[in-house]
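Read through the structures below before going on.
Each of the next two complexes has subunit A plus one more chain, namely subunit B in the first and subunit C in the second.
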Partner chain A sequence: MTTKPALAANPTIEVNDVSKWFGQKVAVSAVSCSFGPGLTGLLGPNGAGKTTLLRMLTGLTLPSQGEVLIEGARPRSNVDRYRDIGFVPEESALYDALSAREYLTYAATLSRVKDPRAAADRALETVDLTGDANRRVGGFSKGMRQRTKVAAALVHDPKILVLDEPLNGTDPVQRAHLIHLLGELAANGKTVIVSSHVLQEVERMTARVIAIVDGKLAAAGDIAAIRRAMSHIPYRVLVQCDKPREFAAALLGNTAITSVSLEEDRIHLETTDLLALGRVVARYASDLDVRLATFAPEDESLESVFRYLVDGR
Partner chain B sequence: MTDDSGVVYDLGYKPYEGQRLGRSGAIKAMIKDGLRRSFGIRRKARKKIYPWLLAGIAFLPAIAFVAFAFLWGSFSPDSESPFGGHAQYISLVGTVIILFVASAAPNLLIPDREDGVLAVYSSRPMTVWDYILGRVGALFAVAATFFIVPNLVMYVGLAALDKAGFASALVNNLDDLVKVLVTMFAYVVGYGAPALLIATYAKRVGPAVGVYLATIFISPAFAEIFKVIDLPGGRFGTLVSLQQHPEVIRNWAFGESQGDIPMTSVGFEPWVSAVFIAAVGALTMYLMARRYRREL
Partner chain C sequence: MRAFLAIIRVTIRQTLRLRRAIGLVILSGAATAMYLLIILASRNSTGSLAGQRQDAIDAAVGLSASVFMNILVPVVTLIIATSVLGDERRDNTMSFLVLRPIRRFNIGAAKVVAAFLEAFTVTGIGAASLGVLVAIKIHSFAWLVPLVVGAAIATAAYAAIFVPLGYLLKRATLIGLTYVFIWENGIVAAIPGLATLSPWRIGLSATAALAPAEFTEHIPTDFALGSLNPGAGGALAKAVIMGIAAAALVASILRRRDLAGGSS
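Up next is the complex of A and B:
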């Protein structure tokens, strides 16, 4: 078991001190991490270098420095390795004139699957597009196009699946379906890497994230653990009780609490020591005979963690 | 903070273990896709008009030629006819090939690059050369079909009408078929390679078509200028006439006069045109590979 959150146990993809620059612009700077079976969310604001990193993971872009290894070998060193890789690019990557079935059959043939038609039908079923198999991709909604791209990445049953913003343009039902599907693939032992800027969805998919900010590895690991690692940023805790005004007044001035604010019946506390705060709140509640309804961290969500990483606040 | 709060379990992934096809299957699929795209199949009607019109221009005269010979009765391939023989027919088909590759080459290459479809290929077990062979193969297959099928119709049709009998006519005129094949390579490569080269670097289909047609149709005029002006080494300038190199090979193969084609007028032998066409073809493949190594 590894002790570094950026490194996965049983890695299938290893990123070793990888940098990529385009002229003067540094897109990715000295990133080291790895990905193993299961689902990993790749996060970062626009222009952070997510797409460049994903393209390097799949060998579509070569690093300027460092190396990416897929099961110990560089992906471009042997194209047969692409039998084990499925990639959903952010861009269109579809032939509008073809039907979904024709397109997937074509993709399966390019991946040298023996029975491309059967593989296409399986992939269509997986993404729930069987009913639209004979419709032209050009007439599909954005969500259906995304599902077609996911099906194309799955058509040869790869071991590694890399998806760049796969949930873009999907409606809530399609999104839920895709999230479920990706979770299932990860549970079946595939290495699934998903980049997304829709944080709640990443949170629904996985607890393991790798965050890239300005081309650098900003954080990695379990979302709650990342938040705990940000000890310099006070925790925000929501408290709800039957005597909010009286309770908030009592908490004022306690050394374990750096800030108290009252908003109707909601007390917002800030602290740098979550355990000490818990003890203080319990003691005061007991002393003042206050009935606590809620005591919950407000900023352990991925969105808060992400905001701290990007903005430092 | 470096604690590891997650555990990843190895669930024993079983990859696809069925039979895999070789590279040729993928290349064939690309050629098939290219043919479909070149003829506008499964595309809007307006996308079909141009290629099918050209196919009609290439094929119908050959069929009419044979029908005409049939109605004429005592016709033989050596007889005078309103269509001439294979050499004259190739002249017509040559123009059709120029017009066809002008549109087909950019339509095969540019949308893949500009619409971000190259990832479909680069994330599959394919090399850069597989992609290039798939696209070049499609273009050359259609251009060769435009060239060879009408000539075959004439060859077989006229043999069927020959007074010497079908089988003996086929054998007696076999040299015509060899000449057609030799000329076909010159036309397909000579006209196809520049179209591919331009499409490799162009960003949009329309300008690529325009630049190619201008290059092909204006280059003889430049060659004429190099022919008449007295510059040291100026005769080599006549080789810029991309349109006329295949014609030189055709005239040579069928024993026709070279007329006043600039490069032969200044003393270049037909083999120079053959080398020129081969060099343009090789350069095109090299530059395509270089370009697509960056893209794929």
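Up next is the complex of A and C:
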């Protein structure tokens, strides 16, 4: 069991001090992390290096420095390793002249599945495209194209699934379906890595994230734990009660609280010590006979954590 | 083997688009059209029957060597062969293909074979149509099979060159055309000893070996064959070796280079 949050307990993919540069531009810089069974969100703003890192995980792109190991071996060292990997690239990656069924049968054939046609039909059903199986993928909407790519990555039932912005272009129903599907795959012991710049999506899928900012590993682990590790940034806490003015006035000047502001009936507090703040609020509420309705951190959401990581505030 | 055949089948379906195919077939038939014009123009000419036959053979061999094999076969094969891997890169389907448990050599070999089959479908039609027209004119099919075989060998050799080129270079068609016109028609034409490195000349050496003497004596030897001796077996062996080398080169590229470009 590891104590480093960037490292998974039972890693299937290990990223060891990996850097990648294209000419003068450094896309990924000295990243070390690992991925194990379950779902991990790979976060980062556009251009942060997520796609480059994902491509290195699959062996599509070679690291300039360091190494990526999949179950102990470099992905390109043995092509049989690709039986265990499914990849959904961000870009199109479809053969427009083929129907969805032909495309998936082709994927299954290349992956040496015993009955490619049956595997293709199963994959079509998984992504809810059976009704469009004989339509050419060149005529598909973006959401359908995304689902076709996901099906192509699943058709050979790989142990490892790497998805680069898989929810792009999908409508809310399709998105919910894909999120549920990825959750199921992760629950069944597969290593699922999903990159996204839409934080709410990642938050719905997993608590474990690896954040890349400017090509560097900015944070890793449980979202709340990452937030707690940012001790230099005060926590924002929302308090709602039946006597907001009295309560806010009473809290002013307490050493555990760095800032108090009142907005209608909502009290916003800032503190560097969340536990101490909890004790103070409980004691004052008891002393003043205030009935607390809400005591909730306002910036433990992934979006807040991510903003701190990117902006440093 | 199943994966190998699947790559060939999908590559051909993806790259042989109808409009382009029609255009290439028309291009490949340009020598036939020129021969037809020559026949029509000479219909009213006077002269002995034997003289007319010799003129018809001379025109057929001249067009076959200097237009069909020298220009049409390389240009058609260039357009098709550079797209079989180049399109995978341009359409971002390379990740789909390479992240599968297939030997890299098999991918390269399947792509070269696909390029050959697709290009030869077109150049074969051009060769056959010219051969048939010659047969109609001189009442002999003696030129048909040698020309088709020569076209097949030249197409295979060009496919072996242009498939890797299509992946390695973004402007592969332009550079390929430069190769065809500067290397083939400039440098090799000036230095006959280099003819063994010229695919259309290799193909023509097979045609020369298989055709009767009344045809081969019309081949412009210095320009068209250079230092090559007529020989179908040797020409075929060269084309096969070039194909294997191309598959090995593609495999090496797929093993050593980044297969998805740019940063993000």
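Heads up, the rule we're going with is that the second predicted complex is superposed on the first by the 313 of 313 C-alpha atoms of A that agree within 3 Å, B and C clash if a C-alpha of one lies under 4 Å from a C-alpha of the other, contacts with A are read in each partner's own complex, and residues count from 1 in each chain.
Here, a contact is a pair of C-beta atoms (placed from the backbone, for glycine too) under 8 Å apart; a residue touches a chain by one contact, two chains touch by 3 or more.
Quick caveat: nothing in here was measured; it's all calculated off a predicted structure.
J.: Put the two structures on top of each other at subunit A: do subunit B and subunit C fit, or clash?
T.: When both complexes are placed onto subunit A, subunit B and subunit C end up clashing with one another.
J.: Return first, second, both or neither, reflecting whether A:Arg83 touches subunit B, subunit C, both chains, or no partner chain.
T.: A:Arg83 sits against subunit B and subunit C alike.
J.: Could you tell me if A:Glu91 is touching subunit B, subunit C, both of them or neither one (first, second, both, neither)?
T.: After superposition on chain A, A:Glu91 lies in contact with both partners, subunit B and subunit C.
J.: Check the residue A:Ala224 against both partner chains and state whether it touches subunit B (first), subunit C (second), both, or neither.
T.: Only subunit B; A:Ala224 stays clear of subunit C.
J.: On the A-aligned overlay, A:Pro37 touches which partner chain: subunit B = first, subunit C = second, or both, or neither?
T.: The answer is first: A:Pro37 touches subunit B but not subunit C.
J.: On subunit A, which partner touches more residues: subunit B or subunit C?
T.: B
J.: Output check: A:Ser111 vs subunit B and subunit C. Expected answer is one of first, second, both, neither. What do you get?
T.: both
J.: In the superposed arrangement, does A:Ala152 touch subunit B (first), subunit C (second), both or neither?
T.: both
J.: Give one of first, second, both or neither to describe whether A:Gly49 is in contact with subunit B, with subunit C, with both, or with none.
T.: second
J.: Considering only the touch criterion stated at the top, classify A:Ala8 as touching first (subunit B), second (subunit C), both, or neither.
T.: first
J.: Applying the touch criterion given at the start, work out whether A:Ala27 contacts subunit B, subunit C, both or neither, answering first, second, both or neither.
T.: Only subunit C; A:Ala27 stays clear of subunit B.
J.: Do subunit B and subunit C touch any of the same residues on subunit A, and if so, which?
T.: Correct list for subunit A: 58-60, 79-83, 85, 87, 89, 91-95, 97-98, 106-107, 109-112, 152.
J.: Which residues, counting only subunit B, touch subunit A once they are in their complex?
T.: Residues 1-16, 18-23, 25-26, 29-30, 33, 37, 42-43, 115-117, 119-127, 296.
J.: Residue numbers of subunit A touching subunit B in their complex, please.
T.: Spelled out, the residues of subunit A in touch with subunit B are 1-5, 8-10, 36-38, 58-60, 79-87, 89, 91-95, 97-98, 102, 106-107, 109-115, 136, 152-153, 156-159, 187-190, 207-208, 221-222, 224-225, 228-229, 231.
J.: Would you mind writing out the residues of subunit A in touch with subunit C in their complex?
T.: Contacts found on subunit A: 20, 22, 25, 27, 46-47, 49-52, 55, 58-62, 76, 79-83, 85, 87, 89-98, 106-107, 109-112, 152.
J.: Which residues of subunit C touch subunit A in their complex?
T.: Where subunit C meets subunit A, its residues are 2-3, 6-7, 10, 13-14, 17, 91-104, 255-260, 262-264.
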